[in-house]
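The next block holds one structure in the form of structure tokens; read it before the comments.
In order of appearance the chains are A, B and C, and numbering begins at 1 in each one.
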Amino acid sequence: MATVIEETTPSRVEAKSAARRRMTFAAVLIAIAVALPLIPPFNGQDYQRLLVTGALMAAYAVAFDFTAGYIDIVNFGFAAFVGIGAYTSGLLAVDLGISPWIGMVCGALVSGFVGLLTGMLTLRLRGIYAAVMAWFVGLALMGVVRNLPDITRGSLGLSVPLLLNTSDNLPYYYLVLGILLLTLVVLMAVIRSRIGLAFRAIGQNLAAAKASGINPTRFLVINFTLSCAFAGLLGGFYAHYYGILTPDLLATSHTVEVLAVAYIGGRGTLWGPAVIAFPLMVVTGLLQAQLASLPGLELVLYGLLLILVMVFRPTGFAGLVTSAANRIWRPRTDAAETAAPTA
Amino acid sequence: MLKLTAVEAGYDLLQVLWGVDLHVEEGEFVAILGPNGAGKTTTLRSIAGFVPPIHGSVTFRGKELRGTLPHQVSRIGIGYVSESLNLFPSMSVYENLLVGAYTVKDKSAVAATMDTVFELFPRLLERKDQLAGTLSGGERKMLAIGRGLMPRPSLLLVDEPSLGLAPIPTLATFEALKTLRERGMTILLVEQNVNTTLRIVDRAYVLEQGRVVLEGTGDELLGNTHVQEAYLGI
Amino acid sequence: MTTTPAAAPTNLRRVPLAKRFLTFTWLTVGLAIAILVFYTFVQPSIVVDTLVTGGMWALLAAGLALVFGVMNIPNFAHGEFFMIGSLTAFFVFSPLQDAMFNDPAGTGLLKIVAPFPGMIAALIVGFAVGAVLEVILFRPLRKRSRDQWVMNTFLLTAGVSVVLINGDRLIFGNDFRGATRYWDVRPISILGTSVSVDRIAVFVIAMVTILLFSAFLLRTRTGRAMRAVAQDEAGAQMAGISLNRIFVLTMGLSCALAALAGASLLWLYPSYPDVGLQPLYLAWYVVILAGLGNVQGAIVGAFIVSLIQTLTVTYVGLDWIDVVPTLFIILILLFKPSGLFGSEVKGVWEQ
């Protein structure tokens, strides 16, 4: 269930203090994220690269959770939208010499536009059909990218100019951290607006949402388009950070990785996926580096975590944090209050 | 044979039964009556294992049924004909009956039971190869009862056989239940059609808001003022 | 609820024959048959290719459809059972192949039967892995919550797929493990095209398995119970059918069929960690085309998808073998999401 964990607040005072606690929590996390690459051992290039992948994955997972967690559409073609953004920006830079900075924005626009079209076609369908449809659209896009070597250079890979005139990872890290925060702030603002209210209404009970005068398809398409646009923006960053693009970027296996992070983090929270992505990527990256003789181990762990979350802890990491927080800050709750049905 | 003691049951946050006591003896034809939402269907479902009781006990021939899964309930000799019938729409009448006899290994016994079902409901024999999804409402009820009989249960739970039926098929269904009873079947029936039901059953319970409020033989209840006022409109 | 007894039995025979067959479904099937007949005379190799690969996709898709029909699980990890099957077959077949290589003279019978132990082993291993997954994953999830079951199990199987692919990589590495051929015999000429014995064998194995599988579903007590669970779980329980038992059998059987497909195609698809990707897509194309959960439809649909693939290879190019069917299936999803043969799944269009 895409239940959004809302704290039931008995009084205004407590609501205010809860909000303040959340702000403090966020500020601490951001401070850690900013300071981390300066503190040993994280100040080395290898660790900083891992932190870049962590922040990038965090942003992917946030954009993914924006659809999966709120309107209950699992975009199995997510990686393809990242890929569209990446190739758009990359090709603009390679063929027309356009600055990667402008290219990233163009990538976001093109991805958003393709997302809009896909959304208009797909979102009449629900549940598994919508997921499978998005999956197939992603497969088709990957096939097209792979089979047009004259334009994309296909499997040989497209070399793309870098975003910054340096191979130092630190500036890239602060840049992608900025993009992550931008993504989070924008998407959270949307969620808290009236549009977000409609999203949640649709995600939780489509029939009731319709009955109260919401045009679901419009909101579904808005949501899907926005998520795809951010995917495209991130794709642009990917292109000009790594400097090489192959059609594999669009593969479903990448979508599944993002999906795993989003669900392990806790669906329908945005912050859960954002936070969990860092430790996940750093740990799996280290495993990959240390245990080169054991290929695939990190992905096995991913898969197992996803399975565990799906079967036993549907609220994921965010759910654990929320319940721990509730236990710490509300120990005085009466028995009567606990017994009240706050499902 | 069947005994419910202080059974409480319900769904997620909604408790429906608040302590139901009732019993059915071997060979008896007993009905549970009551208004909508009183918990009649939930009572049957908790006997059949679909809604496990929260408190209280359900015993069948002295054996506790709490915690027994629906298919195990069927295997110890309790047949259950639900309100929604739960037929297999893309299977023929014949196949529906065969699946009903899933637990019976002896093929000649299956054939014999099927003959009795066809004798009880000749209409089903005519429709033997028709898909269950294309049957009329009355025929579907017959098929559901027939399927319930296939494992040769010793107790049959029947939920609202008159629901959604025109008067004539309703009468036919009641006739069939009467015939079954005459042949020695123990039946626990849930009904809203109070007048007809009280004329054919041995005993009945009146369930209101999850509790048994009245109990008596058919004639006693027909003469009861509460029953007359609330259910018979006299 | 309409209960007028006279009106209810819809008599299919009354509908004029022309009208019954002028539906989209029958037009598509008819068109496919017409194309096959046409090519029998013009370019028979297309017909042979269609039938041979179609048989295999049918094995895969029938299992996928079965698990969806009975358990409501859209299995994203179905391709991984193809991988498990080919891996098992490799480990059983290679020692036998070595034995034949070392002693080319005295192994007449071995030459004929050598591929079969691997296939049988694949069936057993596939069944076992499927059954274990049901017990350790799907059963606990079913106990915890059946809310949004279809979507949750889809994501769960995505996790299973990641674990199986990378588990294979972890244990067996990224190597290709295959066999150049199963039967070292000269190709046979059918309709003027020479067809290798391996391809014919694959087709025969697929057809025999599908026949046995259909007979099992239609004629046996357990098969009937499976269909009963698919049509009405509560009704099946009332008849004394244990859902858990049927679920274990269904998952096992479905995975065994996919594993058999992988084993039979070892000479075409050598085993490596994500060998199951393409089979997974194709099985999914087929079940979407046929209608989710429709086993018989999936068998017919497999040949249609195979035909589209063969025509794509002939007229568009080998590179597009997956892209063109994908576009076709996207159109199907847009205009007929319940598939050609109708799906038994509710909620295709959310009301």
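What we mean here is this: contacts are C-beta pairs under 8 Å (C-beta built on N, C-alpha and C of every residue); 3 or more make two chains touch, one makes a residue touch a chain.
These numbers come from a predicted model, not from an experiment.
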item: Label of the chain whose CA centroid is most distant from the centroid of chain C; value: B
item: Leading chain pair when contacts are tallied as C-beta pairs; value: A-C
item: Centroid distance [mean C-alpha coordinates] between chain C and chain A, Å; value: 33
item: Chain centre separation in whole Å, for chain C relative to chain B (CA means); value: 41
item: Distance from the mean Cα position of chain B to that of chain A, given in whole angstrom; value: 53
item: Multi-partner residues of chain B (each touching 2 or more other chains); value: none
item: Residue list for chain A, restricted to those that touch at least two other chains; value: none
item: For chain C, residues that touch 2 or more chains besides their own; value: none
item: Contact set on chain C toward chain B in their complex; value: 1-10, 221, 224-225, 227-228, 231-232, 234-243, 344
item: Complex interface listing, chain C residues touching chain A; value: 74, 137, 140-141, 144-145, 147-148, 150-152, 154-156, 158-163, 165-170, 173-174, 273-274, 281, 284, 288, 292, 317, 319-320, 322-323, 326-327, 329-330, 333-334, 337, 347-351
item: Residue numbers on chain A that touch chain C, as the complex places them; value: 1, 72, 74, 121, 124-129, 131-133, 136-137, 139-140, 143-144, 146-147, 206-207, 253, 256-257, 259-260, 263, 294-297, 299-300, 302-304, 306-307, 310-312, 314
item: Chain B - residues contacting chain C, complex; value: 48-50, 69-71, 74-75, 79-82, 85-91, 95, 98-103, 127, 130, 134-139, 147-148, 150-151, 164-166, 169
